[in-house]
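Labels run A, B, C, D, E and F following the written order; every chain starts at residue 1.
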Amino acid sequence: MTTEETIDGEPREQSGEETGESGDDESATRPDGGGRDEGDHDAELTHVDETGDVQMVDVGSKPDSKRRAVARGEIHLSSSTIGAIRDDEVEKGDVLATARIGAVQAVKHTWETIPMCHQIPITNVDTDFDVREERVVLTVTVETTGKTGCEMEALEGVTTGLNVVWDMVKAAEKDDAGQYPGTRIDGVEVVTKEKRAVEGSD
Amino acid sequence: MTTEETIDGEPREQSGEETGESGDDESATRPDGGGRDEGDHDAELTHVDETGDVQMVDVGSKPDSKRRAVARGEIHLSSSTIGAIRDDEVEKGDVLATARIGAVQAVKHTWETIPMCHQIPITNVDTDFDVREERVVLTVTVETTGKTGCEMEALEGVTTGLNVVWDMVKAAEKDDAGQYPGTRIDGVEVVTKEKRAVEGSD
Amino acid sequence: MTTEETIDGEPREQSGEETGESGDDESATRPDGGGRDEGDHDAELTHVDETGDVQMVDVGSKPDSKRRAVARGEIHLSSSTIGAIRDDEVEKGDVLATARIGAVQAVKHTWETIPMCHQIPITNVDTDFDVREERVVLTVTVETTGKTGCEMEALEGVTTGLNVVWDMVKAAEKDDAGQYPGTRIDGVEVVTKEKRAVEGSD
Amino acid sequence: MTTEETIDGEPREQSGEETGESGDDESATRPDGGGRDEGDHDAELTHVDETGDVQMVDVGSKPDSKRRAVARGEIHLSSSTIGAIRDDEVEKGDVLATARIGAVQAVKHTWETIPMCHQIPITNVDTDFDVREERVVLTVTVETTGKTGCEMEALEGVTTGLNVVWDMVKAAEKDDAGQYPGTRIDGVEVVTKEKRAVEGSD
Amino acid sequence: MTTEETIDGEPREQSGEETGESGDDESATRPDGGGRDEGDHDAELTHVDETGDVQMVDVGSKPDSKRRAVARGEIHLSSSTIGAIRDDEVEKGDVLATARIGAVQAVKHTWETIPMCHQIPITNVDTDFDVREERVVLTVTVETTGKTGCEMEALEGVTTGLNVVWDMVKAAEKDDAGQYPGTRIDGVEVVTKEKRAVEGSD
Amino acid sequence: MTTEETIDGEPREQSGEETGESGDDESATRPDGGGRDEGDHDAELTHVDETGDVQMVDVGSKPDSKRRAVARGEIHLSSSTIGAIRDDEVEKGDVLATARIGAVQAVKHTWETIPMCHQIPITNVDTDFDVREERVVLTVTVETTGKTGCEMEALEGVTTGLNVVWDMVKAAEKDDAGQYPGTRIDGVEVVTKEKRAVEGSD
């Protein structure tokens, strides 16, 4: 019966995931991919079951853990647009405030935006914008106490927050042909992902 | 009165936008940013009014036009993950099918994801995945007949579609420390943005 | 290029659909399936493109038409539950009022519930409950002026409205083992689907 | 005061529900409705309070339990459509993959689709499509650890999943008059509903 | 047949509404209620049909008009909170920027928040906050080109915007007992409602 | 690092909130605002961090508590409209039933309507309408077991419920000029807010 298979299938996948996540090194240090399992593909695509059909991961037997994920990305903008944002920031900060709110809302909506995501109780969202030469770097930190990680929430916060910045500066970035020759979102990555037992709270 | 100001303020911004968008060159050729107006910042931040407060752009006096926007981006993955997606694609394509649906839904939800976006009638969404060496390139084309462009819809489709791919291959991409050393979304940009009068239909 | 193909592909599908829908007989009379094309499957799955990938149908070149769809379905309930609903109806009608509202909301949300549906401007929704012996029959009529039909909206209204009835009478329908031996939703079908040119308005 | 009454009213209903659900027979065997209480209607309509007004059920004093519900339903299609789905399934499975995703999303959205439902943490969703002669049978299993059952979530998954199948094969099912003479959703029912104390985990 | 009745019923209601809205006086001057029809109740509850069941109003035969509605309301706050908002406004304006975005989003979501509302294309939203002695006054202007008015959208913008202000200053407004003795939302009303034929555009 | 600051910042704010909410007086008695802290504004705007940027409050280290909030508000209507609602209430109650459902849905959607709100598990919602001379008073009670209060949920229930009443009686309230001279929402306030340790359950 499908459900049996699913239950049978999960522990293997889960224990694998546990191993990964309960490793000693939970810092943001970035080992090369050597550790990445080059083995059976089917075991790796945890959202695809034995018969290859898409599915949610069964988290029913996972314990609640304190989880934290940090994602980061940047948007390249013209220096004149950066100037407008800076002035704005000094005076009102509405551009970044709007992007901040868009990012927080995207984090909370990840369970419906990413089809196979579970809905988890978000306990904290922190958004940090760094306005630099010709780019804005957004770092989003998400914390939850739940049965599954929150890196997708952090990634959704970053990509949506950067898209909101783009939307807010459209007229400033468009050239005479109505195109965006210099606007680009780059370097969207998960900086770090951590998991702690609920007992071992900070 | 605030509304008067808004109405007064719009034509200036709109005519500027019209100029930009009705330019001869509507192709995807990418002129350098020279054409970008280096002038008054306030005029450029069309989502911020005279007093610096965030606002939607008034599109009430804009005509309906046939609009089309194409956005593109890519996600860098390990060769083993690419292999899993390829095998999958041949057999079922569920990973990309899920990302495809996530992208289409994101396009339709842009009006609520991007705070200052208007809701526009999407007439067509096309998603094209190109699975290459160690990366998947997603191109999203959005078409609408409305009063405002759809590049934000195309960008939301690209970033969400790539996030869904990430979600589907999480276990395959994580290293032994549960981190994502090699996973990264890059090169998210608007390939082209076009506008045609409804009369001059193709 | 994918978009070209899509555009090339659509007219064939669309004209086919036009033929179907502009036929003389738009009444609810139910001809046998003989008319159903037994031919090429690819041409029939309009949400799957030439390469078999899921997609929305391009409705950009379709004219706005006045469209109307009627769907119907029923839920089988115990006579005691029917009695409770009847008494309720006489006194307050809250059970059916709740189902009515659930049905209307489902109609309006079809564009996000059914992944490949377009968002269309719903101009009218009519819900009609017929409380009979051991069943409640729900008929939902949806009207729109747009580029695509609204039968999915009517079907979503019927299935959701009947599910709301089920939710409202859960305690009454459950047996001593907490099961629903006699509760069942049946006969969900599209009664009729009509399309009129906007010019030829009533 | 209304709230007192509500609190007074609940235990009676809840204990009744407990009795029902903690019964020995939790299997899918279908006893006749004899066990169904033919008594006071007001006590049975738990979403309607003493004064007949619609309300949510107060679950604040219910313990968290591991709950599982299985619902099933089918859509009748022409043999040519079944053929198209089969071919598709072999090649890409996009039709069923789309329906699968629509079903999972519907399960997660039940708290807003069914007005009086609570939002519960879904831990697992399993969708199983069985493509038979002239019909597709969809079985959806939902698991949660919470204060209330998840049969409405399973039912929403089934009806929405079947509606998505309908949407994906519209052009194939329509006859020359644009009607659906042979398409029908039938037999939507709750196969089984189970509840286990959190302590007694599998 | 229910639909006939609905269609029969509409013109009476609509013409009545037309009469009301096409009156000479469309300014914000507030005549006394003398003009209010004291007659048949059934004719007045346009969301309740002849049999008393809730329904949407059929707007299918209504022409598109340019519509504008202005709503206003205020929240009473302590002088210390007003001071915090003022300082904030000078420095960043994040409190009001958040309320502004909450108001705009609420306007766009009115079609799902108010069960019987239609979804209409919002062309402009303007939010104006006036920070006074111990209160903040919010005025929201909504413009649309559609078949039905937008006063509900303006009202949703005002009440939600004021609720967001409340949420942002919770800790400042709570007394030692965790209560809100002085916080209150008052005077929520529709300042004016206008309608112009699309032909006779400004 | 931003997150550290956030964590450093929270305890001060939280303990302050604890003090407030764990005070002896949890009744609805309304002490004068004397207890309200007139001190440092930054400490009071808990949704704005040290650098003045909007943020969610970190509730990760807060214990789960049983929380209850009661909010109340009223809408002023003409006596003829009140008559229509009364007659309606006796016969079907659809106007108030619709407002009731709108209020419950608004309570459940507060986490997305109010940008900085967390999503909390609502265990009970009670709506009480009191139809009086020329006004309807709505009282909404919300209960949750979570890490943060639910007064915003109760307020959203009240303002949305009253807006739904307005929407249902629009035609009855409009004067000959299509204006609402006598319709007004007033007195929206939090009647009481309570918190109990989960151990000390009722």
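By definition in this document, contacts are C-beta pairs under 8 Å (C-beta built on N, C-alpha and C of every residue); 3 or more make two chains touch, one makes a residue touch a chain.
Per UniProt, the chains are A, B, C, D, E, F = Probable cyclic pyranopterin monophosphate synthase.
Treat the numbers as computed from the prediction; the structure is a model and nothing was measured.
Which chains make contact with chain A and with chain B at once?
For chain A paired with chain B, the chains in contact with each are D, E, in label order.
Please give the intersection of the contact partners of chain C with those of chain F.
A chain counts here if it touches both chain C and chain F, which gives D, E.
Call it same or different for chain C and chain E: same when shared residue numbers make up over half of all numbers used at their interface.
Both copies touch with mostly different residues.
I'd like to verify one number: the distance from the centre of chain A to the centre of chain F, where each centre is the average of its C-alpha atoms, in whole angstrom.
So the centroids are 31 Å from each other.
With chain centres taken as the means of their Cα atoms, state the distance from chain A to chain E in Å.
From the centre of chain A to the centre of chain E is 36 Å.
Quick one: which residues in chain A touch 2 or more of the other chains?
Chain A, residues with two or more chain partners: 52-54, 92-94, 97-98, 101, 105, 109, 115-116, 119.
What's the complete list of touching chain pairs for this entry?
A-B, A-D, A-E, A-F, B-C, B-D, B-E, C-D, C-E, C-F, D-F, E-F
Any idea which chain E residues touch chain F in the complex?
Counting only chain E, the residues touching chain F are 13, 16-17, 19-26, 28, 30-39, 41-48, 52-54, 73, 78, 80-81, 83-84, 87-88, 91-92, 94-95, 97-98, 101-102, 105-106, 109, 113-117, 151-152, 155-156, 159-160, 162-164, 166-190, 192-193, 195.
In the complex of these two chains, what residues of chain B are touching chain C?
By the definition above, chain B touches chain C via 66, 70, 93, 96-97, 100-101, 104-105, 108-109, 119, 121-128, 139, 141, 143, 145, 201-202.
State the interface residues of chain E toward chain C in the complex, per the touch definition above.
Spelled out, the residues of chain E in touch with chain C are 2-3, 6-7, 52-61, 111-112, 115-116, 118-119, 147.
Which of the residues in chain E end up touching chain A in this complex?
Interface residues on chain E, with respect to chain A: 92-94, 97-98, 101.
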